[in-house]
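Letters A, B, C and D mark the chains in the order given here, with residues in each chain numbered from 1 onward.
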């Protein structure tokens, strides 16, 4: 097993005829992902190396049964693309686009959470279940099939840690980038829950960073609900002090939001935290022993 | 048993210090309804003949455990009052107010249907479970305890039909006015469902009128899902042809929306329909025999 | 509140929806001046709120100001399905390549806005909906999210809008939805929405209805309110805020609440009579409302008897009785009035009538008996 | 994007939020003229984006234009916690009865706007939140429904706002939320929101942050963008749209993606070095972005070595290598540069460097080894 993307994924790509959209769509397909359709308004009837293009996501879903969408359209069109995907009944929407306004996402999120569809991102690298399917922009050769799940707010760090773990001969069940924006469709907790329910994931690595309190909340969830061991990493010990959102920001989080604060919080809840990607890999190997 | 309002009702009245609010609150209380609180902004600490007044619904709920709210504020403040009631976690909101703009209700309805709270109205007379509790403006002496449920879009017709039934010695389990506005919080179907689940309701009278297609849809629901017999009444055989909402209106409903059209549709689905309130009562008596 | 075409078009323009430039004219002279100001061929359009103006001769082309004067002279005063033409809209003639249909309305069943679009616009869109349902693209909109660009795209592709007009129609739909929300309309209907020879997309007609309940938030719209009736009772009722519709019978009817009034009409018909009107004095009818309503009814010479059917809830029957007496006092009507009072304060109400009402007022105990009595009395009086 | 107090107040005024009347002044002469125009006692306020201006002497009362000139002379050029004062806001002095606190912000955890209100405003609201949590009323708002009057009422009653000021605070909250939505702000903070001697409610300070991602929809706000730094590299980066923050070490750092850059800083520190900066060339870094980023780094004389840490995903390592060569060609830098390339097109990128890069560019296979090497080389160069 694996989570989010696998052999059952039927992918439609929104923005398939754009430069990056096309590049990554073909890479996803080459990896083995079942890419069933693309969407570019006005280009229905065309194809991208055999992938049929539709005018709308709804048309694509009706014609191909697509259940997952990947969004590659520029930020000022991406909010509309997310709504289009949700309206078309897509189960999992993965928004790669960086730069979507936060107020748009605030509304998208509130709308989303009233139904049972999932959104990964925006500003995320996607998800890969090695050997099964990849949806997104991750460099696939870093990953190998295995039993470690990875969740991360940062794309590049995800690759780094996957590679470090891979260098120790340990593969991944699914690697999930939830995205780095203040509001993303799926939280650490949402994905931890899925990994906990996946019998083929033996351990989860959670890659966090300074800012917000997602990691602390995830730590509480792990302590209360997870049997699967979780190893943490927090980036940003040397980071410049984050811009405070006025006093209001400090009042809301109640926490410092610093890397050290997050590390301490996680460790107090029993989650081992590495100080650099290499050490994280070593802790993973040690825990799996 | 009964539905919506009964001995477990703990009522808070929004707009309790207004002329009509106060009048009907005291009448509801006199009938035996457990009126626990009133709300009028700025009047916290006062009371209305022993009923404590709070500034906000949330305060009233926290202090008294109110689970039902009745709204008596003027139309331009009523939408806010509905949101306040919903935000305070009130299970059943009964909005008596007439004249709330349709666009407001469109948003309220969409919001409401994403949760599990109930709204009766707006522009409705409320609900009464004879002998147990009344919330709203119905003339209580028309009703007697019994086993017939009544649902109506029209206030005055509800009283008329209840009286006709009562004159034949038949009482009511609960009488529910869902309100006459184009968008109301609870439909015929919502309430039919509750009556179907109520072991102490032996028959339901559904009082409809021209316009829309609620009655036709309810008919389909009855045919498919209800064991409890339903008797129908439709007002408006002689009504002037309703103003068409352009061609669009005719296209949407697909049905004529006329009284005859509704009567035919209901009868085709096995629901007996009376042509005047007296005949409805006779059919009820006949069916219960 | 239904707006006239010219009012709708002026509002469309505010929302950036393209309309032909035009002017209002109430006289042939004004029509001529408008045609001069607009220049070129113009269309002279009767402003009445009823379909089929074109077939009835209410829409004419005029190649020059003199023709405009002539056509205006013909059309003004014309009767179109019972509506007298008092006003014209003179607009520049459009060079039509194709006629589409677009609307945003309120789907009572779905409780959501519904946007519809068809490439088969023009005259009979209802027939299109029935015979070629696939040619009428329909989409519900989540009112909390609003009309998104992808909605417009889906509609355009599925309505089969011609490629050169797609961008213009997309824009028109977006603006029509904005107008629907901004005006708190219950209907925005554009039939036809045309694709012009020079590839623009223009609203050639405008049907706009506004939610009366929302008018307090739109004083500019409230000011557009014009009486659209020549009927004296309807105008009186309209001015006094009473819900009234004239029918062709002789039994005047008044009640509190639309449901009981409709039911009263039905029982009068069942009793062999013909209702003269629909009049709902309102759910919370007080003495004053009742008096106002009575004035409207009594001003109609064809009414031979009255049936007043009140079931008090929020309405108090004693107040109704007082209002009735006040109005009779003032108006001194002598026609037979059958009153039926039930519900809140019914006994007090009946007592007031028994004690103080003139002899032409009779009380009946039930709705059916009241209807029968009113019908009999109307027949006797004819 | 964080706005200065004066910019925030000018926007508040557009949203109908009362602010003291005032003017901007960049010189003592302008300050004097502003004081004359405003009349009466004015406040001379340093415009810097940092707290504690008052304690640092950046806010002074001036009873007349000459005093305004004198205070402006003192404050202009002053250093407040590393920020130089280049601009003043001169405003009419307010007669304060009480200081409240109000804010609308973005709760990342709840993913909703959060409105906060306290009757204990003024200096240290964070201490109030900690020591008297009940004195700080907090309410989340459903962004699809918006801020409703009942939200404002609940906040006012629960914050304990004084009765005569309630209406004014209710209005201020409503307008602050409108500003939050209209400006696509991430923060609207008013501390203090004052209740004046004449019973008005006025925003005496304004802290406004705007979502950079939304600026394309607000060209008027984009125009407010001002460089708030005197640092050369920060200004360069700002102008070129590169995410850069200066730190006090000597190992320059660049990477693609905030996560890997932060992690690079951490490993450099673990290796005993001191990072000179945070520089994220962006997730989709291409050759040009890399060249631009390098220009910023190389312009900083205190940087002794560079660590370039790229893990290609959407970024292609061969493009990064090309960008590096182009920049070095143009800038002719000789300091040691440690490059680590992994992921998409990493081999091609490494090959480009091996073949064509000057001798001061070295490739390391892992992030840890790259960090160690960069730290060593920085130490050797010092």
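Just so we're on the same page, a residue touches a chain if its C-beta (ideal position, glycine included) is under 8 Å from a C-beta of that chain, and two chains touch if they have at least 3 such contacts.
These numbers come from a predicted model, not from an experiment.
Across A-D and B-D, it is A-D that has more C-beta pairs touching. Greatest Cα centroid separation from chain A: this falls to C.
Centre-to-centre, using mean CA coordinates, chain A is 27 Å away from chain D. Spacing of chain A relative to chain B, judged by their CA centroids, is 47 angstrom.
Measuring from the averaged C-alpha position of chain A to that of chain C gives a distance of 54 Å.
Looking at chain B, residues 107, 111 sit in touch with two or more other chains. The set of chain C residues touching two or more other chains comprises 142, 144-145. Listed in rising order, the residues of chain B touching chain D in the complex are 41-42, 44, 55-59, 77, 80-81, 83-84, 87, 107, 111. Put simply, chain C touches chain A in their complex at residues 142, 144-145, 148-151, 153-154, 157, 166. Of all the residues in chain D, the ones that touch chain A in their complex are 2, 103, 105-109, 111-114, 116, 125-126, 129, 136, 142-144, 181, 184, 186-187, 189, 191, 207, 209, 211, 213-214, 216-217, 245, 247, 255-260, 262-263, 265-270, 275, 278, 283-284, 310-314, 342-344, 366-368.
Interface residues of chain D, counted against chain C in their complex, comprise 144-145. Interface residues of chain B facing chain C in the complex, by the touch rule stated above, are 20, 24, 75-76, 96, 98-104, 106-107, 109-111, 123, 125, 137-139, 142, 152-160, 163, 180, 182-183, 207, 209-214, 217, 235-240, 243, 245-253, 259, 275-278.
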